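Read from first to last, the chains carry the letters A, B and C; within each, the first residue is number 1.
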Amino acid sequence: MVDALAEARRTSKRFGAFLAVDVMDLVIARSEVVGLLGANGAGKTTLIRLLLGLLQPSGGTVRLFGAAPSVSTRRRVGYVPQTLGLYVDLTVAENWSFTAGAFRNVATAMPSGIAAWKHELVGALPLGAQRQVAFAVALSHRPELLVLDEPTSGVGPLGRARLWEEIRQAAERGAGVLVTTHNMEEAEECDRLIVMVDGRAVATGTATEIIGGRKVAEIHCADWSRAFSTLEAEGFAVQVRGEALRAAGQVEAIGAMLARAGLGATVASVRANLEEAFVAIVSEPAAV
Amino acid sequence: MWAMVAKEFRELRRDRRTVAMMIALPVVMLVVFGYAASFNVHSIPTVVVGPGARQVASSLHSPFDVVDVDPTAGPPTARSRLRDGQAVVAVVASWGRLLVLMDGTQLFSVETAEDVLAKMMPSGPAASPNRRAEVQILYDPKLTTSWVMVPGLAGLILVFIGTLITSLGVVRERQAGTLEQLAVMPFRAWEVIAGKIAPYLMVAAADLVLIVVVGMVVFHVPFRGNVATFALGAALFLLVTLGMGVLISTVSQNQGQAIQLAFMVVLPQVLLSGLIFPVTSMAAGVQWISFLLPLTYFIEISRGVMLKATPISALWGPLGVLALLAVVVLGLAVTRFRRDLAPSSRRTELRESSPESVAS
Amino acid sequence: MRWGLDAVHVRFGQRVALAGVTVPVDPARVTVVVGGDGAGKSTCLKVLVGLVQPEAGVVRRPSKGRIGFVPATAGIYVDLTVEENLEFSADAYRLSAAERRERGGEILERTGLAEARKRLGGQLSGGMQRKLAVGIALLHSPALLVLDEPTTGVDPVSRAELWRLISRAAAEGTAVAVATTYVNEAARATSVVLLEAGEALASGSPDAILRNVPGALGAARGASRPTPLSWRRGIEWRVWAPTGVLPGGVETVDPDFEDAVVVAALAGESRR
């Protein structure tokens, strides 16, 4: 039996008539990075709050380190909310000592990566640096479980790669990591993904597994604007990628339609990317 | 828990506006209630006219402060001096009779004057006829407080709407990020500024009318003077307060900061403009502050026009000050606001293309 | 280039925000400026619409009435309904009554907000707010549409819909400029400018940028960083050798667009 750091079994949460989380199973084990992917209102935040013990489940159970979530188990969790959870009008050092005081571990030294900004006000640092500091602060008390809400939102590609390096290092040291994200690039960094829609997990697995065998049609056409308008008018959800168009649909049907409109185009079937798979999954009628 | 305390102190230290409030507020309160807040009147400007003026004047002592003695003038002059605010007490000394006129809008001065007079000239049967004084209280004979408060409150409402509400309205735009958008839309800067201020101007004007009407109907406050003069004073005063509101918004990033700043600007005006505590009662060391506050001048105008029918010729002073303040404050506010809407161009090798049509 | 920035320099006080940046924006094309926070993307767009004046360089833009701008922060009035927001835009751009009706209806349909037309801006979800902001900017059929990070923090479904709106505008002939931190959005563009610390590290079509990745790229596994010029991709490391020679045991891989962007950023860093 895998040693689960956090576990939700048939957990549900109801707010009045609204079912925010509808029977979810979730396990986070050591040294793995799990991504929670879903639209706003899908229930990601509620689920996290249930795991952290900030909310009580209406049904099912939630276990944090094998027991019900409590103040003592919360000590072993590092949480970085989307708004960073740092005080922007305090310096890095002051934020560090505040967390140290709260978690009562005075001894931890500030990692060299952020020590350079020790006396800078957090609010004065660029976003990438702020995120690094937030992450370091969350790690400062050596948590066994990390919960990160959109950890690299707004950060450029190099900054993102560096942040993910830290996340991976934490996982390698034994921590379990739960990440929520909107960003497909970030989703592909996770070991496995859970796609949430309306409080339920509608797909799980690696990015490749989630895409499965889904295909989309890729269209190359000299007069791309007319091709775009034609397909849109017929109700296809068309996306533009550089010089090509991509749409979900049968290659033959699309080819025929474009030919009828007098447009010379080559249409081929290609593998869907994660975003297209996500949109397709989310729009499908719920399969239990 | 100490971690929380330490953190909170550190954050507080960096929040300059809150620190200013924490330090400045007690100091202001101390100064005001120590030196300014007083209902005791130390000096009552007095004018003496009539044939026996010199004799009477020499017998008047503090708190009466004789500012003018004119034996050739009579009651009409005395009345007009009171009406124009040049004196609070006017004594008409004719043969055998003393007529003491008092400006009823200066409630505390009048009470003090009556007390002192009673001690100086007992008016019982023992008193000789030619030393008897007849006292007439003009404008507010019953010394009704509400009559004196309502014109002042009118000013207070204008300060509130003009400064606080306006600053919130403009800052909200900045907070929401729509100010940037406005700058890119085909508006000219003055259109945005005027369009932003106009609604508050209209609301304030409507509120002013409401207060005056309610005062007249419910509290029977008279409106004896020229409406046009009142309107002019109100308009100028509104421009000053609106300008302050916009100015506050240009130095605030969010509504919380705007409220703090507006509060620090409004509070002194409430306490030191003569709304509650008479300006003349303030110690000289702090009296000068009231002369910096626009509300002080508006109260002079509104009380004068409503209660005493003071003509515009006597009010050029306060009107002039308000006009000057309006130009300065509004000018500063608009200049700063404009910078957000239309960045100044610098002379560079910059070429903008003429409007081109899109080939579709 | 019809519109855009040409070798533009911008300075804020002592700080250089943009150093000789060129961003071409042409009708019926989507130009994406991609970079991290503080790279200068917003500044580029602000120069383009006239909110910021450059120190040097040339800026080409149509007149104010032909520009549609969506700022990074929503850009809608939360206390007005969807309809009222559109009304304000129609007033500002002086649309005739007929234009208003026709175009307004069209925009409501396209943004999927027809059902929500009486809802207050503040009651819309984040994705819907962004779509409204784009709708407001498109109402007057601008020649140039400029969007500052329109999809940051927006859920994937709304993001796809926002991009459809953007693509449709381009298909109808509008010139579109978009700033974003998402590399995969840059891959959708016809023209990309990669910005880092105020400098354009790479520019051109996505294919051109891919073709011009300098040096050699490899993949490696292991717990520790193989070389200083490596970064994480999932459980693997990507290794970049500017000289073209990869260290032993590292197999070559073809760079994808994200790799190209990181390489450009690293190259820019080592130059500085």
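Here, contacts are C-beta pairs under 8 Å (C-beta built on N, C-alpha and C of every residue); 3 or more make two chains touch, one makes a residue touch a chain.
Small disclaimer: the values here were computed from a predicted structure and weren't measured.
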Closest chain to global C-alpha mean, per-chain Cα centroids: C
Pair with more cross-chain C-beta pairs in contact, given B-C and A-C: A-C
Centroid distance [mean C-alpha coordinates] between chain B and chain A, Å: 59
Centroid spacing, where centroids are CA-atom means, of chain B and chain C in whole angstrom: 52
Averaged-CA centre spacing for the pair chain C and chain A, given as whole angstrom: 21
Contacts with 2+ other chains: residues of chain C: 172-173
Shared-contact residues (touching 2 or more other chains) in chain B: none
Residues of chain A touching chain B in the complex: 87, 89-90, 94, 97-102, 121
Chain B - residues contacting chain C, complex: 176-178, 180-181, 183-187, 343-346, 348-353, 355-360
For the chain C and chain B complex, residues of the former touching the latter: 2-3, 27, 49-67, 69-78, 89, 92-94, 143, 172-175
Complex contact set, residues of chain C against chain A: 28, 30, 34-39, 125-127, 149, 152-160, 163-164, 167-168, 170-173, 181-184, 187-190, 196, 205-207, 223, 225, 231-235, 258, 261-262, 265-266, 269
Chain C-touching residues of chain A, taken from the complex the two chains share: 37-41, 82, 126-128, 150, 153-159, 161-162, 164-165, 168, 172, 182-185, 188-189, 191, 224-226, 228-229, 232, 237-243, 273, 275, 278-279, 282-283
